[in-house]
Amino acid sequence: MTVRFGVLGAGRIGKVHARAVSSNPDAKLVAVADAFADAANALAAQYGAEVRSISQIEAADDIDAVVICTPTDTHADLIERFSRAGKAIFCEKPVDLDVERVEACLDVVEETGAKLMVGFNRRFDPHFMAVRQAIADGRIGDVEMVTITSRDPGAPPIDYIKRSGGIFRDMTIHDFDMARFLLGEEVASVSAHAAVLVDPEIGEAGDYDSASVILETASGKQAIISNSRRATYGYDQRIEVHGSKGVVSAENQRAVSIEIANGDGYTRPPLHDFFMTRYTEAYANEIAAFISAIEKGTPISPSGADGLVALQLADAAVESVRTGKRVSVD
Amino acid sequence: MTVRFGVLGAGRIGKVHARAVSSNPDAKLVAVADAFADAANALAAQYGAEVRSISQIEAADDIDAVVICTPTDTHADLIERFSRAGKAIFCEKPVDLDVERVEACLDVVEETGAKLMVGFNRRFDPHFMAVRQAIADGRIGDVEMVTITSRDPGAPPIDYIKRSGGIFRDMTIHDFDMARFLLGEEVASVSAHAAVLVDPEIGEAGDYDSASVILETASGKQAIISNSRRATYGYDQRIEVHGSKGVVSAENQRAVSIEIANGDGYTRPPLHDFFMTRYTEAYANEIAAFISAIEKGTPISPSGADGLVALQLADAAVESVRTGKRVSVD
Amino acid sequence: MTVRFGVLGAGRIGKVHARAVSSNPDAKLVAVADAFADAANALAAQYGAEVRSISQIEAADDIDAVVICTPTDTHADLIERFSRAGKAIFCEKPVDLDVERVEACLDVVEETGAKLMVGFNRRFDPHFMAVRQAIADGRIGDVEMVTITSRDPGAPPIDYIKRSGGIFRDMTIHDFDMARFLLGEEVASVSAHAAVLVDPEIGEAGDYDSASVILETASGKQAIISNSRRATYGYDQRIEVHGSKGVVSAENQRAVSIEIANGDGYTRPPLHDFFMTRYTEAYANEIAAFISAIEKGTPISPSGADGLVALQLADAAVESVRTGKRVSVD
Amino acid sequence: MTVRFGVLGAGRIGKVHARAVSSNPDAKLVAVADAFADAANALAAQYGAEVRSISQIEAADDIDAVVICTPTDTHADLIERFSRAGKAIFCEKPVDLDVERVEACLDVVEETGAKLMVGFNRRFDPHFMAVRQAIADGRIGDVEMVTITSRDPGAPPIDYIKRSGGIFRDMTIHDFDMARFLLGEEVASVSAHAAVLVDPEIGEAGDYDSASVILETASGKQAIISNSRRATYGYDQRIEVHGSKGVVSAENQRAVSIEIANGDGYTRPPLHDFFMTRYTEAYANEIAAFISAIEKGTPISPSGADGLVALQLADAAVESVRTGKRVSVD
């Protein structure tokens, strides 16, 4: 079976997914849609696909699944439309920045029985997958403490910051999902601190650039997240899981792993520059998992509910920073 | 000049300091005191010192300085006595488990003009000293985020736990001091989570064995501490400081750094088994710094005030766990 | 421009190159040839290519270049045929196991002006390329000592051994080429030791499984090669170049870089299992370099002459083992 | 029992051994001899020992053992004198630069039944000891290939070079001994290359500064040694032993193991600056082993014979470079 795809949005992440679809032997990229005709044409031409409008893709008989890479504020609407159109849906995170809007959208997904996967790409990174597998294999016993270090090489443009929903909903949301992925138990409470240390303009936009979060589950397992919008040495993405029998960790990745030594010391190159190079394999694995779940009719993960819970944790972190209290999560 | 020492307490840590004193070319171990005659005799014999009572040491003309290694509940009294006796004092942490008692004791130290050093040994670890030097040299720019991982290989006996003042005052107190040592700015607020994951008996004793703490300074710098009373792989002692220009870290240490590879992978030995082997150099450096400060008449660091502030942070962490609130520190 | 390819040989390495050609946006896989119809059909079908005979490919107007992945004893003949047919030729190493046959073949290449690239894939490994770039950038000053560690995870079947030309012509030949790639000066003399330590059957077949080689250039630069047909921990592929100003090295690679620590120590997974996974990027880069050189009309490297010199070094090593003498190379 | 020592020679290495003796609870430093009275006085005063002449030490009733740290050309004579005087003897390597002189000296040692230990300090490095223990424990199966990288941070003064016996007898001799220590089987043949790459003055003095050596045992086990008189990044001392079941290695050591990351990459400090700091523990362990063997009456290792064999291997390497032949060793 070949899963036939439409890609909505031909921007940076749309290109990543178009390539992943095209390279997958079980999938075919049929159509690309984008409000900018040039972008749509270029991407379609590269992979021998057609340019179509979103409505045309919605109505198409020769398309089984869509990848939603449009701006965040269109995600929930498009999920609803394509749920009703009977397409399988892969949507970049987040579903929406508003919890109530997400809940309403997921109601439609449930009513229509649509297949929805939310783009938490890091779950598909081979190193992080191996960490989770080590836990599943009992290599570290019961999970006790998770540590996630997640720092962007630099802050995005202020315009992006303003529309982003803030650091917790835009950036930490990936770490909230990763913490859930690793803890194996739902988070019960959240404490967060946040500050502006990198760029005062970020503060003027009402956001933070440096944050620390503690998550705790009902049984007392704890996760710590350290975030910064600055890392001079590249895209810093580390996880460590401490358990009753041992600890498992995934270190940072770099494109080239040579080392040069001289009188100044031993130097290895900086890390990957950002997510496009760091998570190349993760993006391909993610789409492959989506395709495989469609083909086999197996449950899709991460689901819309996973997207919702991560957003709720982000909201709890925002509230914790504001109130100075540990915030309970249902 | 030779600084002449009396060591009070011939237990495990007393032995460490007796050796450090004896090996130091600028010091001489004159006397050892211990309620257990056998312990005092053995230690005195090993280094050619005399056995004396605490009162005799207090009154001795041939002793310039004492190292207090007696049980915690005697520290404050002994500091006061030896302050009045005009001796320089090195006291193992903590001065006392009660902030008011510490304050009263430090009043006596101030009145008498006594020299008092508190035993935060980790400040003298060569690796951690190099981290701090890198910060001082501007290698990472302004400090933004500190991460401290501190896990004991195993929990102490329940009897010890009961007298310890709890995990924050007994174990995390070292990390509070290390955070202050690295942040370069006083902590303004504390959020803490804690749980019993290692041993239910610890919970029954009213304590925790797994804790996560966020510290924040007035300007928004943040420190994260992760503590556990369990680490199957050895004594886990890591620090990382993230700044505006880069990051500096000190990794774990092991006695022997070989690697064996076979079909199971590449394996390096576990870490040092505990503080006695991990901080050997730190203990020697610490006593050397104490002796040097006495000889040169320079200020002593870490001081009694450093001990007090670390205890206040511990109290704040206890309160944060209890109330679920971020606790301000003056 | 699109370079149109025929792939000769649909075995293991033929598949690697067919994928590399198909994935390259500047190339098109037109035809596949293999004596085994099933193999040819399967590979052609996978990439939408045709099955043709070698003669058909030779005569085809719609094919610009061929990739020779047939058995070694056919390489020289095929290079000559396709040189005369005016095709660009990528040939897996070696051109032939006999130096005179190689020289005769390269004469034909020269007469016909054919473009010939020899498949020393390791030159295109990103890590090794970065080592060479570091040298070219003057990061380590003048090259003095090269160390190459190259160990296969296990010995090939005895039948393969018997046809292989022996360890120096089959396995070390890659290391001879890598040494030349890094030394920046031709090798003037060779000393080699070799023994049978892994499998007596290899000795009975007249070959060795464990070898050590020293190469020296006219100016005294030295390269050391350590080879074994056994490495329980995976495919061991390391290089180090020591120069007047420093040293640069490329460490081993593994598929997944996690670490698990417990009472047994800190363990990372074994290395890649063999060249197919270790050199995935190298194979793709190699074909891309071939295509680029065809398109731009730039010189091709590694050339037939590079293949010849590596074989001469292998012959010198064989002679050194046999005679117990340092063997000069012209 | 306390072993009473005289130290002959109060130079750099004499100081190292005087400290090791003084710190050892089972030994006592009784006397120091040196042709330079100031040097002898200073060292004696530091450890509360007497200054005596060599003859006085030879005749002394209160001295059980001597440590010979005088110039190389006095070693053999002193060993003979103190053998006859009935003292246990620790002698810095080499016994002599001439094989026949060494043999004559060892004859005297044998006749007199003297205890003689030769100072191959690296055997007592804790990391290298752990490598050997891993082999002894069967962790890597049968030893097959040993790789030793040994580079000095810089060349010694030309005057030293001239009296040194050449790189193989002065520097590589340690690596010959280490190879024997790890191979577990005597070396049967040697091939060596050597050149002048670091400093032409070294060549003018008739010596080399860069050398590569292959050693092979009767059963075909091989050891490779890479030497240079230059290493800009510190004192480079690595060993790796490859066996039938796995590989064990000991990496380089540094005084402080921090890492700083920024836009230039991840940098760890250079290595130890030279043997005095790199092998601190080894020197202490070495003297402790000597004392222990005296006390227990157990065989002493490394013995005079070990010193002799290492020198024979050095001579073989010299001959191999000169003749271009693999040189057999009895």
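So that you can tell them apart, the chains are marked A, B, C and D in the order they are listed, and the count of residues begins at 1 in each.
Rule of thumb we're sticking to: a contact is a pair of C-beta atoms (placed from the backbone, for glycine too) under 8 Å apart; a residue touches a chain by one contact, two chains touch by 3 or more.
Keep in mind it's a predicted model, so treat the numbers as computed, not measured.
> Between B-C and B-D, flag the pair that has more C-beta pairs in contact.
B-D
> Farthest from subunit B in C-alpha centre terms, which chain would that be?
So the chain farthest away from subunit B turns out to be C.
> Roughly how far is subunit B from subunit C, going centre to centre by Cα mean, in whole Å?
One centre to the other, that is 57 Å.
> What whole-Å value do you get for the distance between subunit B and subunit D if each is reduced to the mean of its CA atoms?
About 40 Å separates the centre of subunit B from that of subunit D.
> Hunt down the residues of subunit B that sit against at least two other chains at once, touch-wise.
Each of 232-233, 245-247, 261-263, 269 in subunit B touches at least two other chains.
> Which residues, counting only subunit B, touch subunit A once they are in their complex?
Touch residues, subunit B against subunit A: 142, 144-145, 147, 149, 151, 189, 191, 193, 195-198, 210-214, 216, 219-222, 224, 226, 228, 230-233, 236, 242, 244-247, 324-326.
> Applying the document's contact rule, which stretches of subunit D touch subunit B when the two form their complex?
Those residues of subunit D that touch subunit B are 23, 126-127, 130-131, 134, 139-140, 245-251, 253, 255-263, 269.
> Contact residues on subunit C for subunit B in the complex?
These residues of subunit C touch subunit B: 232-233, 261-270.
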